[in-house]
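First chain A sits with chain B, and in the next complex the same chain sits with chain C.
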Partner chain A sequence: MTERVGFSLARVWTIAGNTFTESVRQKVFNILLIFALVIIASASFFAEFSLGEDVAAVASYELKSIKDTCFGALSVIGMLIAIVGTAMLLPNELENRTIYTILSKPVRRFEFLLGKYFGTVLLTFVSVLLMSLMFLAVLAFKEVRLSKSAKAEVTAAGSDTEKQKAQELVVKIHDEAYDPDIVKGILLIFVKLCLLAAITLFVSTFSTSMVFNVAVALLVFFAGHLVGIAKEAWQAHTIVTYLLGVIPDLGMFNVADDIILGNVIPWPHVGKVAAYGVVYLSCVVGAAHLIFASREI
Partner chain B sequence: MDAIRTEGLTKKYNLGWRKGRFLALERLNLHVREGEVYGLLGPNGSGKSTTLKCILDLVSPTDGAAWIFDVPSTKVESRLHVGFLPENPYFYKYLTGAETLEFYGQLCGIRGAALKKRIDELIDLVGLTTARDRRLSGYSKGMLQRIGLAQALIHDPQLLMLDEPTAGVDPIGSRDIRDLILRLKKMGKTVLLSSHLLAQVQDVCDRIGVLNLGQLILEGDVNQLISDQRRLSFTLEGLPAVARGQIEDAARAAGATVVNVEHPQTTLETLFLDAVRKDERGAGHHD
Partner chain C sequence: MVRARLYAALLIAVPAWALLPLQHQIESERRQLQYGGSPVTREIRDQIGQGLAIALLAGFRGVAADFIWIRGHDFWEKRQWFKQAECIENTAKLQPRSTFFWDSGAWHMAWNIAYAERIGTNDSTVAQALTRERYWHQRGRAFLERGVQNIPNRFDLYFKLGWLHEQKLRRDCGGYPACEKAEYAKAAELFDKASEYPNAPVYIARDVARCLEKSGDLRAAYDYWCNKIWRADRRIRNNLDRAIVEREIRRLEDRLDIPTSSRLFPKVTAK
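Then we have the complex of A and B:
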């Protein structure tokens, strides 16, 4: 009876899979997701209120409007799913005493914590994936309709200049609708959500109240979006800058506005921001482990 | 080798700032031998659950240490051969009975056909065959206790730790759990159970320990502890009325005092179980 029990990714995956299944079977997440999908799907119809005479201006406005609504829905509903999904994990485990049955098996506390975290990351990933697919489908649907109007203009155009202008518009609509930078924006939103989930998990390692966990995570969410501005304002004060460095700079992840305006986001920048997010969340999960390892259950 | 050994196990809980500490367990030296059923008795708040939690490293003792099969309880390896059923467990209510066992089996490294076979065996053993694909949110308290026992047994552990295994369970379910414990004992398993239902403990335990206010105040073999060596009782059947007086006279003549002569009573539990079992309408009966 002296076998060694090493760290096991299989156990982490088992706990993550179970956490994911539990979350999916809870109606609250499905309702949130359906709500997000409805908002994204209807973005196309909201945009149509702006119908005017100038096809180019209308097309540009409508596509921008769809991107704006969809990025907003992804960010806000994704945030709710990541924070609420994580905030209830440990309190529920403690309340239902399921944590006793797991930790009384040959399972390391770090495996348990990591499994719970990856379970929510998986839930967030699937939610973001479904919302993104809907987002891209809506854009594709809109592109077909706008291109049709633009092509009609090509046929109706009298002079060659008008024809060329209309053809350029068709290309422009296509490029705007299938902007590859959209994927970069979604990727950074996902990393931000994973970071928020890690922070929520960290809070729940020393608190037993789900409401408290959600409140602190939301506070970090808002502070994280303001910290960039604060850093600029307090540049001269090194200590304050260091203190502000503890709060994650979530503003860095918001590239959606640039994408909507048509600015190109270079991959190295995306990589840098994503790496910042991954390093930060790794530190937070590590800190959560330090507290959870000695927590009395 | 002891299945469980504790030495000077002490646990004090912090009550919060300036409120001091609560002594839940004081210098507990416990030895549970391999193959025996040991009952940890005590009133609510006597330290039974704290003892189990310290042994399983769910809480850290303030002082002292515990070992499971000679492996320190602070090591994850100590839990390789332990199955634990907490008090009033709920489990994941969105999983079915079979999925629950699959989850716990995978945690113990059992997979594939071996796991499937084990799940079938355990579902059958705890009598949940008809409810195996039903979600736990629809389980009764007794059914949850049964699935709890099944998850504790999933990796065929040598030691079972049961915290109030019959709490909130009806007499039939309670009797089933008692029978299961006896079967496990026959299979050579060691069982440590905590309870405050004394009659049941008396039926299944080889040895008991009584905890009160965090201290072990009594320990020993159940039969030795409860038998009254100064007295003797006979249970006779078909005795003619005249013979009763003769027996009493003979006893007095030998210098004994006749303390009590009465018709033996059945227990309320036996009466209840007999009545329910004789009711032939079966479990599926409805008005």
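Then we have the complex of A and C:
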């Protein structure tokens, strides 16, 4: 009966909305999010280890350190939210037996699975958005402080050259703090988190243990970052290349370091990496559906 | 169920293989754009410790480099210069595209450590202290030269290397004029290279002319002020620049005793 009803996007959104609300009410996410916001807010204080006397070098290091810490927090805490959030979806539904109530209604399994996935994606999006806003606020705060000290140098500068150096520094601090490429880094981190959520969802369709789901997703996370190194070492072997090709290369999503160092990241490159992520995660969600559809519930 | 699992595996594997050309394209773009850092070798892994190595392998290269930098400062406070230098080397290996690590690392070596070695004469002679100071100057120079090779597309490190030649290596000449002039000439060459970058600060061009003058080549310094600074409008952004350049050109015209007809600025005669 349930398998005969047509696909409905409205039902998917209803399930996604409920999944999001349920997840937001979980203490674990609030704690993770608060933890991330605290790390990001305190990035400004970590940056005090600039260890230099030259104002330009200090400013450069402090902004670099803030960006490193914030991108790191975004990536790690975002990863935990995406993985844990997805890993508990199906096991909880099975344990609480709520899945029987839902699937006995005219809801297709694919709609249920997609709704659950989009719910986690929404949760990840909101978390990334909040963390990014805090990140930008910290950068703005630091920019104001650094610019103030640089402007004080302009006033105190004796020679013309020193005055000019200080003026150039004010401009440099502003440019480094408000680098528009930061958005590209955040976007690719978000796509990476969606991909990890899809992999966790796939694992949870054939496993009943949440711990197992989290463990496998974490292994994929580490393996995904090592794929690049493995490929370099085994590039001559075609079979190995194909075997490694199945594991998503998560190293490609790491452009944050290069953004921080001032390298230009072209939009076409960002687009290609994002497209790779979206195609891969679509296939993984499709595979998750194949297993979930044949699973006896 | 078995069939479903087989189809699911194929649904992941086949598109993943189809995506391989796109992956190769992205990788080659990354290599071309020089993204990422040097690979994590066993040597680096042993030096930075297991915790940071894991962070590094999980993609947190920047955070790992920052922690190593802070660890380097710890060695500085303990006066363990070689361990500090090792940390500096590691940060540069992890993030070879970071101007900060090359610049500040060389500054630590050629300025801070070198000075600490020069004044630390409790258990050595002054001559030994000077030798050690020179060693760190040279190490700072070699480090910055590697930095320039890694980041040739920015003015920063050329300028810092020129600054090192002018401020430190020139002093190592021990007052020997030919050596000092050669260092000034080298500094002028590096400043000139730095000043060619579009975002280089205006004062670097003036540093070129100043070092050319100190290297003894007054004519080259004068030509530089006239042709590369005064006539190249991009170097003169405001009245302040204009006043400085005019003052320097007038001074050199006097020193070179350039005839009035050939002067850029007519000689001011007292009434």
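To be clear about the criterion, the second predicted complex is superposed on the first by the 290 of 297 C-alpha atoms of A that agree within 3 Å, B and C clash if a C-alpha of one lies under 4 Å from a C-alpha of the other, contacts with A are read in each partner's own complex, and residues count from 1 in each chain.
Basically, a residue touches a chain if its C-beta (ideal position, glycine included) is under 8 Å from a C-beta of that chain, and two chains touch if they have at least 3 such contacts.
Nothing here was measured: the structure is a model prediction, and the numbers come from that model.
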Record, for the superposition on chain A, whether partners chain B and chain C clash or fit.
fit
Identify the partner contact of A:Asn96: answer first if only chain B is touched, second if only chain C is, both if each is, neither if none is.
first
Quick one: chain B or chain C, who's touching more of chain A?
C
Thinking of the overlay built on chain A, is A:Ser294 touched by chain B (first), by chain C (second), by both, or by neither?
both
Which superposed partner A:Ala156 touches (first chain B, second chain C, both, neither):
neither
Determine, under the contact definition given at the top, whether A:Val279 touches first (chain B), second (chain C), both, or neither.
second
For A:Ile34, select first, second, both or neither according to whether it touches chain B, chain C, the two together, or no partner.
neither
In the overlaid three-chain picture, which partner chain does A:Ser75 touch, first (chain B) or second (chain C), both, or neither?
second
In the combined three-chain arrangement, what's the angle at chain A toward chain B and chain C (CA centres, steps of 10°)?
170
Go through the superposed model and pick first if A:Val211 touches only chain B, second if only chain C, both, or neither.
neither
Quick one: is A:Arg108 in contact with chain B, with chain C, with both, or with neither? Answer first, second, both or neither.
first
Touching partner for A:Ile260 - first (chain B), second (chain C), both, neither
second
Minimum CA distance, chain B versus chain C, superposed model, integer angstrom?
11
Go through chain A and flag every residue that touches chain B in one model and chain C in the other.
294, 296
Going by the contact rule at the top, pick out the chain A residues touching chain C in the complex.
46, 49, 51-52, 54, 57, 60-61, 64-65, 67-69, 71-72, 75-76, 160-161, 163-165, 168, 202, 206, 221-222, 225-226, 228-229, 231-232, 241-242, 245-246, 248-252, 254-258, 260-266, 269, 272-273, 275-276, 279-280, 283-284, 286-288, 290-291, 293-296
Within the complex, chain A is touched by chain C residues 1, 3-5, 7-9, 11-13, 15-17, 19-20, 22-23, 25-27, 29-30, 33-37, 39-40, 57-63, 65-66, 69-70, 73, 76, 95, 97-100, 103-104, 107, 201-203, 206, 240-241, 244
For chain A, which residues count as touching chain B in their complex?
1-5, 8, 10-11, 14-15, 18, 21-22, 25-26, 96-98, 100-108, 294, 296-297
So in the complex, the part of chain B that touches chain A is made up of which residues?
13, 53, 56-60, 69-71, 76-77, 79-92, 94-95, 99, 103-104, 106-109, 148, 151-152, 155, 161
